[in-house]
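Both complexes below contain chain A, partnered by chain B and then by chain C.
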Partner chain A sequence: MISIVVALDLLREAAARRWFLALALALTGLLILIVTSLRLEVVDGALAATRLFGQPLYHQIQPADVALRPVFLVASQVVFWGGLCFGVLGCADFGPALLSPGRIEYLLSLPVRRWELLLGTFLGVLALALAGAVYASAGLVLVLGAKTGVWTGWPVVSSVLAAVAFGSVYAGMLAVTVWVRSAALSAATGASLVLLGLLATHRVALLEVMGRGVGRTLFAGLTAVVPPLGKLADAAGALASSAPLAPGGLVRLLAGTLAFAAALLALAAWRFERRDF
Partner chain B sequence: MERRWLWLLAAALLVIAAAWLVRIPESAAPIARPEVEMPRQLRPAERQRMLSRLTPAVTDAGPRRTEVRDPMLAALSAGGAGSGMVLEVNALRNSPLGELLLRCLAEREGRGNALEALQRMGIDPLRDIDRVGFTEHGIVVSGDFRRANWEGLLGSATGEPYGDRGQITAVDPRAQGGNTLVATRWGDSLLHLGDSEEDGRRVLDAVEGRGPAPQPLLTPEQTYGELYGVVSGPDLARTLGGNEPWATALLEAASRVEVHLDARRDVALVADVSGEDGRKLEDLGKTLGGALAMARVQARAGGDDEAAELLSFARVSPAQGKALSLEVALPLEVVAKRLAFCRGGSDAGGP
Partner chain C sequence: MSAAFAATSLHKRFRTRFGRTESVALDGVDLEVPRGEAFGLIGPNGAGKTTFIKCLLGIAHPDSGTVELLGGRPEDPRSRARVGYLPERLTLPGAWTPRAFLASVARLKALRPERSGLDGLLARVGLAEAAERRIRGFSKGMRQRLGLAAALVGAPDLLVLDEPTDGVDPLGRVEIRQLLAAELARGATLFINSHLLSETERICKRIGILSRGRLVRSGPLEALTSVQQRWRVRFAPGPPLAPEALLALGFEPAEGGAWEIAAPDAPALNRALDGARAAGALLVELERASRDLEEVLTEALAAGAA
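What follows is the complex of A and B.
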């Protein structure tokens, strides 16, 4: 419960930041632009013609939901990777702000356990990421649904995956912040985790071409635990575009990602518990 | 143990769990959407097949033409046919759809007796026949007929000689008061079944390269797929005959439809429609797209997910000028049900 209060406090802090205000305005502007500039003609459920800014776009006539699959696929990838990049840059300062001199002493003087502070910060950032991803994808679904009559919730579900992926990255950023209070280092850690997540996606192929040695062992160890973000992005794209998914595969991937985030949070809590302020 | 060490222990356990969970076995990896290869051009094997069928003109009389030709295509073009379809029987030998299509096409053309006659004369349609072509001037069959019992079928081992390798034989009148069946042979590799000796002579002239070259109905480069051909507007009107919106729009807009069908497994159909009125073609494209979308919705509502998935490949490339292209993929079962009238089934013609 106290963690929720901390999370809400972080959300209030985020609302006051220009970065997030700019993101909200940009997303809203983009959706309004789509509403006003895109004209879609649907005949018996088939997307027959499209006009953007009054100019016809030539495409094949096919069922509207099939025609929208690539749109939702691209949108899911933009939300996933764009969200990761924005999140790493925009949220890098929340951890250091929590631990800033004066504020952390004040917070620790309250009847709040240290791990609750960490968890609250993490949940606040996760809620922020979730809100941004869901706002973008749900907005697109609503706009295109109103224009074509194709209503699907999968792009919204896909955006939840993007938020979960960012959660695993942010857990690492928060853990590093507990050791070194630096927004730059936090952002660098986030970027490194995104890169490692990409490498972990192609781990087997990369290990095959690497020569034996310390570097290969280190790479194998690191990429063994980091969630393969590329696979998560693929799964998010598949969900958004109604492509088939193997049963169980996504559940394991999500569980592994959440376990990785929890492990980093536990590590941060271990360090936080023994640190003096 | 101090509580803070519990955090470290939990972190270690969670890392191990994460490492185990994210290593997804291949069987649980995302499944790729099934791909359907649409017949759009000659595949390598088809190109080989096409080249092997080209032969030089053999005539030793009249004006000579020096080009090579596919005898089957030359025979189909004889008489200025406006419509013609070719079934690659040999390519479909192991396809469950092949025999059904053969029977159906014969039934539609009212030439079932001719195919039965083929079997009686010792020609196995699934072994000896390479291709069967249909035009308004008759049926053209190509293959290896060296084992055929011509005397048993045609009443005579030889017919009236014509040209270099041709023989024309008038067979018994068709049952139920039909016209005389005229069988025209070209060597032991081509047989034309038509209504008149004039048709037979035109076929042999075209095959042997005598006289002016007829306007080709199909070029060798168009011989891809297991069923291919062109249908003229009037023939299309006679064949479809329905009053569904898409059929009506098709009749109004299409002057010529080129069809290629890949039936090795499921059925992939490409139809290139051309017409004179670009506006009508545009409307036709929208109507066809809508009809296909509705068919997909109906398949899904009926619980036929496979058909619905394959129908999601259906698309219409809108009219660019005076042509549009239609692509449809259907599971074998759906096609077989649609063609059930050939077996006289009660579900004939169902969706």
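What follows is the complex of A and C.
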């Protein structure tokens, strides 16, 4: 319960930050731009014509739901990777701000357990990521649904995968912050995890071309535990565009990602409990 | 009377990141503060005052020794729920209003943030008119007042205040003293850490002096500042007194036209006074000679350094 209070306070704090106001304005502006500039003519469930800023885009006549699949696929990738990059930069300061002198002492004097503070911060950032991803994808679904009559919830579901992926990255950022209170180091950790997650996606292929040695062993070890973010992004794209997806594979992927985040949070909590402020 | 808190043989050392050097912050501190008292902890910078408070509240972990806070352990949130803390420098959320900040503190204390109660707290610390303003525009004194209001959320049994009047103007200090007196009258225990000795003297009835991590003096303010076996007397102006006569009786000139005399007991004191009266002096004032807290601190630090 206290973790929820901490998370809500973090959301209130985020609402006052220029970064997040700018993101909300940018997403809203983009959706308004799509509403005003994109004209879709749907006849008997088929997309007959598409105009963007008055210029024709598509000439083929095809079912509207089929025509929208690539749009949702691209949107899901923008939300996934764009959200990860924005989150790494925009959320790097939340952990260091929590641990800032004059704030952490006060928070620890309150009847709050240390792990509750840490979990609350994590949940707050996760909620922020989820809200941004869902806002963007749900907005797009609403705009395109109103214009074409095609209503689907999968792009919104796929945005949840983006938030989960960011959650695993942020758990690493938060864990590092508990050791060293630095927004720059937190952001660097996040960027490294995104890069490692991308490399982990192509782990097998990369290991085949790498020569034996310490570097290969290190790479093999690191990419074995870091979630393969590329696979998660592919799964998010497949969900958004209603493409077939092996359900067992997604469950394993999600379970691994959540386990990675939980392990990092447990490590952070272990250190946080022992640290003096 | 049970203790608000009791620290026993508290040791704390800080090591650098690579463990090469270390400094002793607390070196076997024993301190017990009864409930309902106002206790002031004084000492020079780096004496370990803030570290002591942090160990008291579970913010830092002592290397050895024990702390009992309101009958429980500092790590137990139930104990800390009954404590109000004002850190030396409190970082406040600049984009929030003071009311929103106090509401957050109330929620973190598992209390319902009633608007009337929060406004009442803001009024008590003189911030009623600033309730809707953003904290980022507050002066240092206003931030200090808001920190004090946050410490008062939930009417805590123990108030731990680190430099409570720092940055507050003289009139504000009077208001804060009145507020703390009201808290004391309510039954709260005050534990004040301050470098402003005059403020500590005015609020606290008991004092502890910390030096190099050790509690070198502790006790009632009166006992610490009084000088045993010395009395300060003042004679009425009028018939000119021969100072030689008073000097011959053992009186020594003191500040402001007063005189001081050393007397091991009441008969010796009365003999000296009788002698002075016989010499024509008219006694108008008699009190035990005392020093201010600064002198006590200086002496205690010198003794601690020896």
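Just so we're on the same page, the second predicted complex is superposed on the first by the 276 of 277 C-alpha atoms of A that agree within 3 Å, B and C clash if a C-alpha of one lies under 4 Å from a C-alpha of the other, contacts with A are read in each partner's own complex, and residues count from 1 in each chain.
As a working rule, a residue touches a chain if its C-beta (ideal position, glycine included) is under 8 Å from a C-beta of that chain, and two chains touch if they have at least 3 such contacts.
Here the structure is a predicted model, which means the values were calculated and not measured.
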Which superposed partner A:245 touches (first chain B, second chain C, both, neither): first
More chain A residues in contact - chain B or chain C: B
Partner chain(s) touched by A:5 [first = chain B, second = chain C, both, neither]: second
Chain B versus chain C as contact partner of A:274, first or second or both or neither: both
Shared chain A surface residues [contacts with chain B and with chain C]: 274
Residues of chain A defined as touching chain B within the complex: 41, 43-49, 58-64, 66, 115, 200, 224-228, 231, 234-235, 238, 243-249, 252-253, 255-257, 259-260, 262-264, 266-267, 269-270, 273-274
Residues of chain A touching chain C in the complex: 1-2, 5-6, 9, 12-13, 16-17, 100-113, 274, 276-277
Residues on chain B engaged by chain A in the complex (per definition of touch): 3-5, 7-8, 10-12, 14-15, 17-24, 27-33, 285-294, 296-297, 311-312, 314-318, 320
Touching residues (chain side chain C, partner chain A) in the complex: 14, 54, 57-61, 77-78, 80-81, 83, 85, 87-91, 93, 95-96, 100, 104-105, 107-110, 150, 160
